[in-house]
Amino acid sequence: MSEKPEHFIIDGKRLDGRRVDELRSVKIKLSPLDRADGSCYLEWGRNKIMAAVYGPRELHPRHRQDMTKAVVQYRYNMAAFSVNDRIRPGHSRRSIEISKVGRDAFEYVLFTKFFPKTAIDIFIEVLQADAGTRTAGINAASLALADAGIPMRGLISACAVGKVDGEIVLDLMKEEDNFGEADVPVAMTAGGKITHLQMDGHLTRDEFYEALKLAKIGCDKVYKLQRQALIEKYSGEYAENDEDAIPQAQIGDADE
Amino acid sequence: MSEKPEHFIIDGKRLDGRRVDELRSVKIKLSPLDRADGSCYLEWGRNKIMAAVYGPRELHPRHRQDMTKAVVQYRYNMAAFSVNDRIRPGHSRRSIEISKVGRDAFEYVLFTKFFPKTAIDIFIEVLQADAGTRTAGINAASLALADAGIPMRGLISACAVGKVDGEIVLDLMKEEDNFGEADVPVAMTAGGKITHLQMDGHLTRDEFYEALKLAKIGCDKVYKLQRQALIEKYSGEYAENDEDAIPQAQIGDADE
Amino acid sequence: MSEKPEHFIIDGKRLDGRRVDELRSVKIKLSPLDRADGSCYLEWGRNKIMAAVYGPRELHPRHRQDMTKAVVQYRYNMAAFSVNDRIRPGHSRRSIEISKVGRDAFEYVLFTKFFPKTAIDIFIEVLQADAGTRTAGINAASLALADAGIPMRGLISACAVGKVDGEIVLDLMKEEDNFGEADVPVAMTAGGKITHLQMDGHLTRDEFYEALKLAKIGCDKVYKLQRQALIEKYSGEYAENDEDAIPQAQIGDADE
Amino acid sequence: MSDDVMAEIHRDYLFNLVLKGERDDGRAFDEFRDISIETGVAGMAEGSALVTLGDTQILVGIKIQPGEPFPDTPDVGVIITNAELIPMASPEYEAGPPREGAIEIARVVDRGIRESKAIDLEKLCMIEGEKVWIIFIDIHVLNNGGNIIDAASIGSIAALLSTTLPAERYGLGEDSPLPVRDIPVAVTAIEFGGELLLDPSLEEGKLAGTVYTVITNSDGGISGMQKSGIEPLTIDQVMRVVDMAGTAAVKIREKFLEV
Amino acid sequence: MSDDVMAEIHRDYLFNLVLKGERDDGRAFDEFRDISIETGVAGMAEGSALVTLGDTQILVGIKIQPGEPFPDTPDVGVIITNAELIPMASPEYEAGPPREGAIEIARVVDRGIRESKAIDLEKLCMIEGEKVWIIFIDIHVLNNGGNIIDAASIGSIAALLSTTLPAERYGLGEDSPLPVRDIPVAVTAIEFGGELLLDPSLEEGKLAGTVYTVITNSDGGISGMQKSGIEPLTIDQVMRVVDMAGTAAVKIREKFLEV
Amino acid sequence: MSDDVMAEIHRDYLFNLVLKGERDDGRAFDEFRDISIETGVAGMAEGSALVTLGDTQILVGIKIQPGEPFPDTPDVGVIITNAELIPMASPEYEAGPPREGAIEIARVVDRGIRESKAIDLEKLCMIEGEKVWIIFIDIHVLNNGGNIIDAASIGSIAALLSTTLPAERYGLGEDSPLPVRDIPVAVTAIEFGGELLLDPSLEEGKLAGTVYTVITNSDGGISGMQKSGIEPLTIDQVMRVVDMAGTAAVKIREKFLEV
């Protein structure tokens, strides 16, 4: 682990030049994989994330099927070489927890009741990690689900907020995450319904409230980027035949 | 491991003041847990044991079901903090063996033929260990089975006998177990039918016979304590309606 | 590991006195085990191999059954004490790979289509290892299959060829395997159809071609030994009734 | 009637109760069930606590041994938290290695203790980069009566407060109390019928669409949170739970004075 | 006729035989099947023995390497006993890690060797608390023809008697024989139809309600016992097996002179 | 029409194409699909390469750390190769530890690198018997479009060529490039309808009775081979693949100049 910087914010600028309410640069590529039903490659700052979706498809073994709805499965995995010290392949306790809360982040927007006995499988591979992989993974998963054409109430958008040098800031980078005072990953629908929320560190009640409001601003920005990526990808394909062919549900707001 | 004492028996008294044919103090609490169908908390000297019973209940996965009888499952487990050096959670070879012979100790008294396709699950958790946990576990399990109302030919009662300072003694405590010459855990029906028997150390044929006879005396004492605990618990509940409501099979003798 | 010898071939003789195209001594014992449907004990130089075959028999769990053919299962295992440094019991990556290619070596000669939903199980136990255990195992398996009376197009015969001191030699012994320049395990039908082939080390194209031709010679020798063993075992049993009773398919050539 | 129908009826019953502002066991929405804490119950452990929260019973044991620090934090002690949902505790639990539910519980409790800086980990370093105290927190759930996470959190900090550093056993000086300097308390709410209920019973927990835990410290600050479950929460709902949790934690922290 | 009916008939047949004082293979109740012991069969092992007991075939190999003692017994060597019921040996065995049956066998054999003090473990300590010899006893069952535990016990002590301490390979002095000073012998009985039969065949073992093993030493003393199976035994029955086992063990021990 | 019937028709279609000397995607029998190699894509790795071979996408990352050598090779570095067929890459892959398919891929790639002596392992020894560099080659299959083994082989050596020894991070001197001195290339053929086809697509691979891989070095020599699948090959067929593989490998090796 590198040394703790003396200051994280100097003249309103963070170590990488961002303002406190600014996201890292984001690059989205839809459908990079052809075997999966939907996929998305996402660069979020120095994070590199691949997400793929399969389903709804038959769930094996059969005794795990739910007669009333699709079972959502979410697998967050870090490549062995995605961090400085090699990770042993396979599940860790950390990845099991992140997979669980990742799954919980999506069930609300998936019409699981439409697909009893099936599985909707969401796979996240972290290829390069630099703080914020769980929220970046949720953003990529959201786009991969849309890319797979799986009916959703709307997209899920995620970002982390935190506290460094006593200030609430958006989207912690590595140093801010390692040495900062708090980290709050959040995922929301476009309408601000929170489907994922964790926190560690130390915040007063009012700081936390401020953090939540900043998270809403961040998620709104993410949502615009996601929507833009889907429109670029799909408007071209459908535009000639039908202006309305972009499935609104996919890029719309679950809360409207 | 502490130092070996020079003598284990001085003036007919053992290190903790007991005579050679005396049990450690026993404390029984029935039904301490409400989720299980039956349960028993047992303090046996410094041992603290929790036993719980579920069943007869459906056995999963189905291919493990026996069409002709209930499958008895017995899980002996030591809490990570039950001994001086922390135990890694999960099965050890020792706990697997103890679970197997524990299961064998009960099948004779359970009317498994009455409950085909089901499981009778017996769980033993050792919370604090001080020699004799397997026999203490059997005693607690016996009471938990009775507490669960599972039909039995009778109770099983268990204790260990051993040899220290050349003498056959009842119910080895920790130091006697660590440094003694032999250890013989035994479980019996009230009529003296042996359902569990192991031995290690070194005994002559005649010493072993003497040990077995002392084990019978010890098991008789245990049986009285068990019966007493059941009467105290259940006679109150049923007494007003029916003097005979204490199910005799539960606290009776399988051999009568 | 011992020191590398200065020369592997002196005056046309190898370290153990063999010529370059000579096999180590081979000893075959059929049906040493009575529980298995067929078995073979094979000594190959200092290697000691036990092979057993069960099947065709019902395959569990059922979801692994193939409706169109028998599933061939092959388990190559080294006893913990079969090599100098004790091996932890259980599958290693090496044994998993050898089991896979061993299975592949036999499917061509087994009439799997005759036995849908079943398993043909081939078990190889290496009791003493001294280079060439995978080919020795295939030879033993081939005989155990014949011993089990499982219909086959013909036997499989295997040996390794390699390169030491710049020469292509048959059937590497331990020192030649450890310090040699290449190792090529091969298995064939009697007609020279290759069902198993691996290679590591360094060979030119022409050296490899020479090696393959030497492997054919080696496999032919092995085939004769296998055939001889089967005739000795089975001709006696059947000879009185029927000269032709030795099942030709078992010891014949899959390619005729 | 089938189990499903029974469950449906029971759900409707509880739902209608909540609409009337009531709970099945008569509690107010922000009211905890009875809590009792007994320490020192596991005599082979360096510290232990048996917590009952309503019908829930959890035994937490602390074991401590010397060992190596993590390479990236060479100057502080190590905390390893493990939760076992043993099959004794519930008909739904199965034997085997911890699954995601048990792992989540352990990790949330662990974060609460770690992030609140409740244990002075610097004091657990003996030789930088070489030798530190390793603290094992083992959470043994004996009876699942609902809201395991809060009971586990209470049990863990109670057990730590009762813990002795076993220096003598390892020839490393004199025994001393574990340096604990805060009492983080987890408070869990569920959302049900639009209402927020603290300390869900087993029944309530099964019906909950969302389970949301807030861990607060003695200074009122927040050191950990975890939302799980599939229903979303609004920012307003989140803040309401934060406020309820802060108030409830103060009351729970008073329990520690009674131990 | 179904397998079940066949099994039932066969059971009745064996039961009636026993009532007449006979066994299927003509043996007396206290008679063992033929035993053969061949040592040195696994040349890479420090010691080995192939034992056949009727149709049962077991290969035991001994590997020895230097290593650390257990913390609570710093001045003695270590014995680690493992049994593999490989799927080759029986249609009922499955591949995978040892299950309770294999673990029980290994542990009973281990106790017999350990408790009889057959190996002078003090002599296997090189540097107290640091370096001792670790002895791995690996029991490889090749063919299950019944009564594995006795064959494994015989094979283990035979293999140990043939074992050389490989000191030279590790640069730790000269090779020497393993210091073995007793020959513990396990003798197993089953209870069937009220009778006690030694050395059960595979068929007999399947019908047995109880399997009871007694391990005796050269001095006639008992160093280990294990009862498994669901039928109970009376004290009288136990003592009868103890006496039969002592007598049988003497005869089996004579076999070792022939090796 | 059922899936089986569709598969049968497709099989016949491809079979008839092959009889006419054609492939579904228009390639010649000895022609590879498009290959692209991009290095340095995984910035936390010491080296990495993303390879696309037709639809197949594989990311290989290299991690290096100091560690102990194997006891029997005390004076050389260690290579550990691992392949993960993650469930993202194909509907047929399942989560969990590597199965035989992934293990075979990793071991074949590993042998090609090891036996070609592509890495100068002697230079990775720091202190004989004590400290060497350990090289982890992690093969991450992102999209299975067929012929994973060749793509993994190309990706592994490309990643190694881009790798820096991270000496500074461990205080072990200055960073330097990994000493790579050859480019072993795996070329895989399948047998189908009596013909030999290089670089099988996913569809072709499913129909193949045999998959046969030949690894050649810059000098034209062969350093590794692996035949899998149930159909046999004649000596002639084997030699034809060897010759085709040598020619193809030369072309593939040219790709490395473009990186």
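Going by the order they are written in, the chains are A, B, C, D, E and F; count residues from 1 in each one.
FYI, a contact is a pair of C-beta atoms (placed from the backbone, for glycine too) under 8 Å apart; a residue touches a chain by one contact, two chains touch by 3 or more.
All figures in this text were calculated on a predicted structure; none of them were measured in a lab.
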Smallest count of steps, each to a touching chain, taking chain B to chain F: 3
Set of chains adjacent to chain A and to chain E: none
Identity of the chain that, by mean CA position, is farthest from chain B: F
Geometric centre distance via CA averages, chain F-chain E, whole Å: 48
Geometric centre distance via CA averages, chain B-chain A, whole Å: 53
Centroid distance [mean C-alpha coordinates] between chain D and chain C, Å: 59
Shared-contact residues (touching 2 or more other chains) in chain C: 85
Topology of the chain contact graph, where touching chains are joined (line, ring, star, complete, other): ring
Chains in cyclic order, anchored at chain B, direction fixed by chain E: B, E, C, F, A, D
Residues of chain B touching chain E in the complex: 1, 85, 93-94, 96-97, 99-101, 104, 107-108, 184, 188-189, 192-205, 208-209, 212-213, 216
Residues of chain E that touch chain B when the two form their complex: 71-73, 100, 103-104, 106-107, 111, 114-117, 212, 217, 220-235, 238-239, 242-243, 246
Residue ranges of chain B touching chain D (in the complex, touch as defined): 32-36, 39, 46, 48, 50, 52, 54, 57, 75, 77, 79-86, 89-90, 121, 123, 125, 127-129
Interface residues, chain F side, partner chain A - complex: 41-45, 48, 55, 57, 59, 61-63, 65, 82, 84, 86-91, 95, 97-98, 136, 138, 140, 142-145, 169
